[in-house]
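Following this line, the structures themselves.
Consider the two complexes below, in which subunit A is the common component and subunit B and subunit C are the respective partners.
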Partner chain A sequence: MATTTTTTTATGKQKRLAKRKNHDKWGYVFMAPFFLFFLAFNFYPMFYTIYLSFTDLAGWATEANIVGFRNFQNIYNNMLFRRAVSNTFILWVVNFIPQIVLAFLLAYWFTSRRLNLKGIGFFKSLFYLPNIITAASVAVIFSSLFSYPRGPINQFLLSGGLVDSPVDFFRSVVMTRLIVSFIQFWMWYGQTTIVLQAGILGIDENLFDAARVDGATDWQSFTKITMPLMKPITLYVLITSLIGGLQMFDIPYLLTGGGPQQSVETMITFIYKQAFQGGRNLNVAATASVVLLLMTTAFSLLVFNSFRTRSSKQIKKGVK
Partner chain B sequence: MIKKRLLLGLTTLSALALVACGNGDTGAGGDAGDTGDTGDNGSEEGEVLETEDGEEFEAPTTGGAGVLDVWTFTDEAQTMINDYYLEEFSDLGYEINISIVPTEEFETQLDPVFNTDSAPDVIFAEQAFVKKYVESGMLVDLSQYDSLMEGAENTYDYVVDIGTQEDGTFVMNSWQTTPGAFFYRQDLASEHLGIESEDEMQEAIGDWDGFLDTARELRDATDGSVYMISGRGDLAHPYYMSREQGWVVDNQLVIDEQIYELMETARTMVEEGLMMDADPQGEEYFAGMNGDEILGYSLPTWGMHFWLVPNGDQTAGNWRMVTGPEPYFRGGTWIGITQTSDMQDEAAHLIEYLTTSENFMRAWAEDTGDVVSHQGVVDEVRGDYEMEFLGGQNHYDAFAEGIERIDGSIITEYDQSIGGAFDDLALTPYSKGEMELEEALDAFRMEVQSLYPDIQVD
Partner chain C sequence: MYDTSNAKKLKAQRTLLYVFFGLLTLLSILPFWIVIVNATRTAPQIQQGLSLIPRGNAWNNWTFLRGRGFNILQGYGNSFFIAASATTLSLYFSSLTAYALIVYEFKGKKIMWGLILMLIMIPSQVSIIGFYRFIANIGLLNNYIPLILPAVASAPTVFFMKQYLETIYHPALVDSARIDGASELKIFHTIILPLMRPALATMAIFGFIGSWNNFLLPLILINERSMYTLPMLVQLLTTDGYRTEFGAMYMGIALSIIPLILLYTFLSRYIIGGVTAGGVKQ
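Right after this comes the complex of A and B.
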């Protein structure tokens, strides 16, 4: 709202310009709240966390002493943290691969002119709904669905003769991981579909028309036109999902608290437990956070670079 | 056109969802508000927070100078202060501001402000984490208050022991004792086991071998349709209390002989179908109190009042209590004063009343049936009870019997975290046969090492 239109006469222009100069500083004022909040709640905590990772602050202690890289050595040797790292990746991969495949498929169907599906709006909203429900409610829903021995899923399996005795899902490492991954998948595929669909809709229609004229099949135009031009948006989805996935916390924590056998202990549940339970090792939690930050950065760069070198040309032509 | 319709559809749906969520929230708030609202005498409209389970509660507050701030997790505190303390001392000249925080959020709320000026004056702490605050060295030494100390001479030893730091400084006291017992269904026992009285029952299950034999007998007599106990929760507490040493001694993790015994007993009972293997305090656990599938539960004083009686309305009158294989205790709430408090004398006055006043103790015992920490009062009132729920048995007398044998030295500041890790990572998977003993204990050690890097685990 701060900008004014400039179509006016020459004399008026000068006056307006003078005035506009005055208005400009309001821009800073309007921006100030963001920067203040950013400095206070993002910038400062981030550097304070990095600082803490070099100290021995834990428990009731109120003063921090610098201990060098000891915390990093300890966390490297911490078997539970290593397990948390591998758990996080397992959970992310198992949820992301089906998610992107399904999202692509749905996005393709929703945008396909030939299929011309009815009720797209309805289904899109439906698919997006899980994302609106808070994680706490989702965790409660799933823990009662899969509860042992008399949860609905167990009763269904029993009455269908699929199993002989009820399955204790949350006692099984594989099942618990699958359920957590499935919830992540179920909560986020709608969102991914919408983002991918936006990407597809952003592709110039003429390209598809030309392909059709040349006799390309639907599948061909999807693989030869849509997919390559979707790389930037896929990259975006991949990176945001990776960052989100590395920070997976609410579902595993609320569902089983990291169990059984520490199978869904993720990096963030580890950090949370370090900071707020047991010996309240703020230093360890801070160190793990810094490691997480480094890992996120490294993986994002890796993904980003591998995409860019192969398709830098196409990015230029791609979505705006 | 399609896009427009889509957008319209999306917005209506999300609007609907939002409305639905909004309704749900206010509903829950209404429920939770009942307990929280009345507590905050001194505060205005408080900030509303949520527990992990989505239950709402008001953020705890401190009222500033001239207000005695009390942080607790039990609404009993509110009743004790409003209906007893303030009745007796109506002209204190200062306000008491009680904040009730759900137990699972209590430490998260208190720890960041503990030992700062924003800390409350008086804190309540439960057995699971009481030692954490006792050993913190940031609570006021109660021995400077002569009348309180005089009164505390009547307090049961184990209660004082738990409220005392390792160096002997007495910092927290309690109004209650929480001995445990084994509650069982007399009707099922006489039908399937031919046991007709509490004495016979106690004789049968007086030690763990007898307990297991009785469980097998019950299984054979009923073709496995009636279980001895609900699950490992009924074994864990009696076993914990029979340990020689607490979880940590001299900065070293101790896995007591009784811990191995507990793991073996639990596994045997699962393998042989002697217990239902329901999760402690889970759906089946509570459902069993009204059904005919579970013979008994190990419960403390408050467990009977808060869990068994409300969930056993259809089986009321059929329950009896005995000591069981091992005398034990579970839970209990201690009260202390923070060193940062600017109203320490006033706080001590409150604690003296709640934990040592004979008149209050008597009234509280008579009104609620709580087993109090004052020996004299317990001895005085223990003869006068008759509980219909227990078929007229005198529960007070039976509980009082157990108090003398309680050893408080087993409680450490690590109990909550280490006990929780043990149950999750060792006891549960081993009892269910998912892991072998050493594998399970290794996972447990790894978690303890991670939670407390300074503790030696092996």
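Right after this comes the complex of A and C.
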């Protein structure tokens, strides 16, 4: 008796399973467009780029010959590329440090129950505004605002008596770098503020209430509760910003074209110029792309790990 | 709870913060405002000094721009066509992909999900050289197809759609339709897509703006002047032809940013909401 019942339920289950499996084949059908277009427009170009980095394809040649690791040795000794790599990091660091500090302060003020500020939604939307404006337009705006000798900034500095003669900003390495970093800062601190604020609002209220009962000040709860719990989100913001920063192109390219003295030449401006200007060194550009890909992958893996630690910590420490 | 000195301190703190926020607000608006004002001034007026009050030279600046072959209307049209097509494709196929990932059980599903997560982190810029050669080999340079079709596989949109669908999907939603004999695709079209409207709206805004602002890809793929997108037209303003015609140059920049600023005044609530949701979930 017992055996027959199990068989009947098993067949019933099997039937249901068969029916579900019948549906499940639609999973492949619905995923197919994504997968095919991914293969054609992401996967293939990426491997084609990697392939080209091992060839001598340059100029108007149509045949590509495999040359082994020669391009990688060359790029290691390419002073301009090394400069582009270090510039990219300098520009990113100078923009990111003030950005994360300001974003943290703003997020703290926006969420403080003691301050209970009004109009936060209004301010947030204004701080975020520069982020949606075309980067190409932003670059041209700043290149005219800082232009020499009679751009708006120079006019302001002269009329305020802050300088005696107009400043040629884009002749100065330091000034040009500061302007590029400032633009990045200006375009992204609003976004970072919103992400951090959302993170703070996700922390369990009870933790703050308990701290208040124990006599902690606002600032103490911020540094002792909020900051440690925000570590994973901060790491996430840091790495996504870094990966975005590695792709910097529109702003430096349209602001000064990389100058003066290659001071704002970034990895992507280097790749673009190698491939599409002058000698059309597709092999050099492809090699630089592979270096960039390796860096990006390394940083992405860090994000994956931070995801993992974040979710396990959240459960332990009571983040919603 | 607070004594008077504390209350006073709090008030002073609040005032200071509002002043600071006001300054940051100015920082967000002033660059754009200066551009818009200068677009209405003559070159000598611009040379004379900074002003925040619009003047009456906008039409002359506009005619000068037109005379230079700066065809902004065509630029709007081109950018709109590309952005609208790419956004439509990405919304439809991303929802379909997200639906497949949530509703069905099939082999390789985990791998696909891992792949999508990887794709979010690795930007397409790293493979532009291969992409360019590939497009050149199949003869699609000076064509909008390579700017539109890749949107079918847009990993961040799939991610967002999956997160959203997870919160609203329940098997009961589709079971009765299945019993009625509706096809799986029909179920997706008539039941799931309408339910996803809020997520679709959010991603429509972000997808559209992203495509509209894209500069590097059209720059390497498009040579034909009449096919230039808006950011490519903006790039022309940095060339020598506008070295002395400041009014016209500012007019060109102003025209490139005004549609986005208008869009933002209507949609900023949804955009901020989207950034907030993305930040928490990612």
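One rule holds for everything that comes next: the second predicted complex is superposed on the first by the 273 of 320 C-alpha atoms of A that agree within 3 Å, B and C clash if a C-alpha of one lies under 4 Å from a C-alpha of the other, contacts with A are read in each partner's own complex, and residues count from 1 in each chain.
One rule holds for everything that comes next: a contact is a pair of C-beta atoms (placed from the backbone, for glycine too) under 8 Å apart; a residue touches a chain by one contact, two chains touch by 3 or more.
All figures in this text were calculated on a predicted structure; none of them were measured in a lab.
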> Mind checking subunit B and subunit C on superposed subunit A, clash or fit?
Replying inline: clash
> Touch check for A:Leu254: first (subunit B), second (subunit C), both, or neither?
Replying inline: both
>> Quick one: is A:Tyr128 in contact with subunit B, with subunit C, with both, or with neither? Answer first, second, both or neither.
In response: both
> When the two structures are overlaid on chain A, which partner does A:Arg150 contact: first (subunit B), second (subunit C), both, or neither?
Replying inline: both
> Touch check for A:Asn74: first (subunit B), second (subunit C), both, or neither?
Replying inline: first
> Counting only touches as set out at the top, which of subunit B and subunit C does A:Ala136 meet: first, second, both, neither?
Replying inline: both
> Where does A:Phe30 make contact in the superposed view: on subunit B (first), on subunit C (second), on both, or on neither?
Replying inline: second
>> So in the superposed three-chain picture, is A:Thr49 touching just subunit B, just subunit C, both, or none of them (first/second/both/neither)?
In response: second
>> In the superposed model, which partner reaches more residues of subunit A, subunit B or subunit C?
In response: C
> So, does A:Gly278 touch the first partner subunit B, the second partner subunit C, both, or neither?
Replying inline: first
>> Quick check on my understanding: which residues of subunit A belong to both its subunit B contact set and its subunit C contact set?
In response: 121, 124-126, 128-129, 132-134, 136-137, 140, 150, 254, 276
>> Which residues of subunit A touch subunit C once you look at their complex with the stated criterion?
In response: 20, 23-31, 33-35, 37-38, 41-42, 44-52, 109, 114-115, 117, 119, 121, 123-130, 132-137, 140-145, 150, 152, 155-156, 159, 186, 190-191, 194-199, 202, 233, 236, 240, 243-244, 247, 249-250, 254, 268, 271-272, 275-276, 282, 285-286, 289, 292-293, 296-297, 299-300, 303-304
>> Quick check: in the complex, which residue numbers of subunit A touch subunit B?
In response: 60, 62, 74, 78-81, 120-122, 124-126, 128-129, 132-134, 136-137, 140, 147, 149-150, 168, 171, 253-254, 257, 259-262, 270, 273-274, 276-281, 284
> How about subunit B: which of its residues touch subunit A in the complex?
Replying inline: 2, 5-10, 13-14, 17-18, 21, 50, 52-54, 107-108, 111, 114-115, 136-138, 283-284, 414, 417, 424-425, 428-429, 432, 434-435, 443, 446-447, 449-454
>> Please output the residues of subunit C touching subunit A within their complex, sorted ascending.
In response: 10, 13-14, 17-18, 21, 24-25, 27-29, 31-32, 34-35, 38, 46-47, 49-50, 93-94, 96-97, 99-101, 103-106, 109, 112, 115, 117-119, 121-134, 146, 149-150, 152-153, 158, 178, 184-185, 188, 209, 212-213, 215-216, 219-220, 230-232, 234-235, 237-238, 246, 249-250, 253, 256-257, 260-261, 263-264, 268-269, 271-272, 275-280, 282
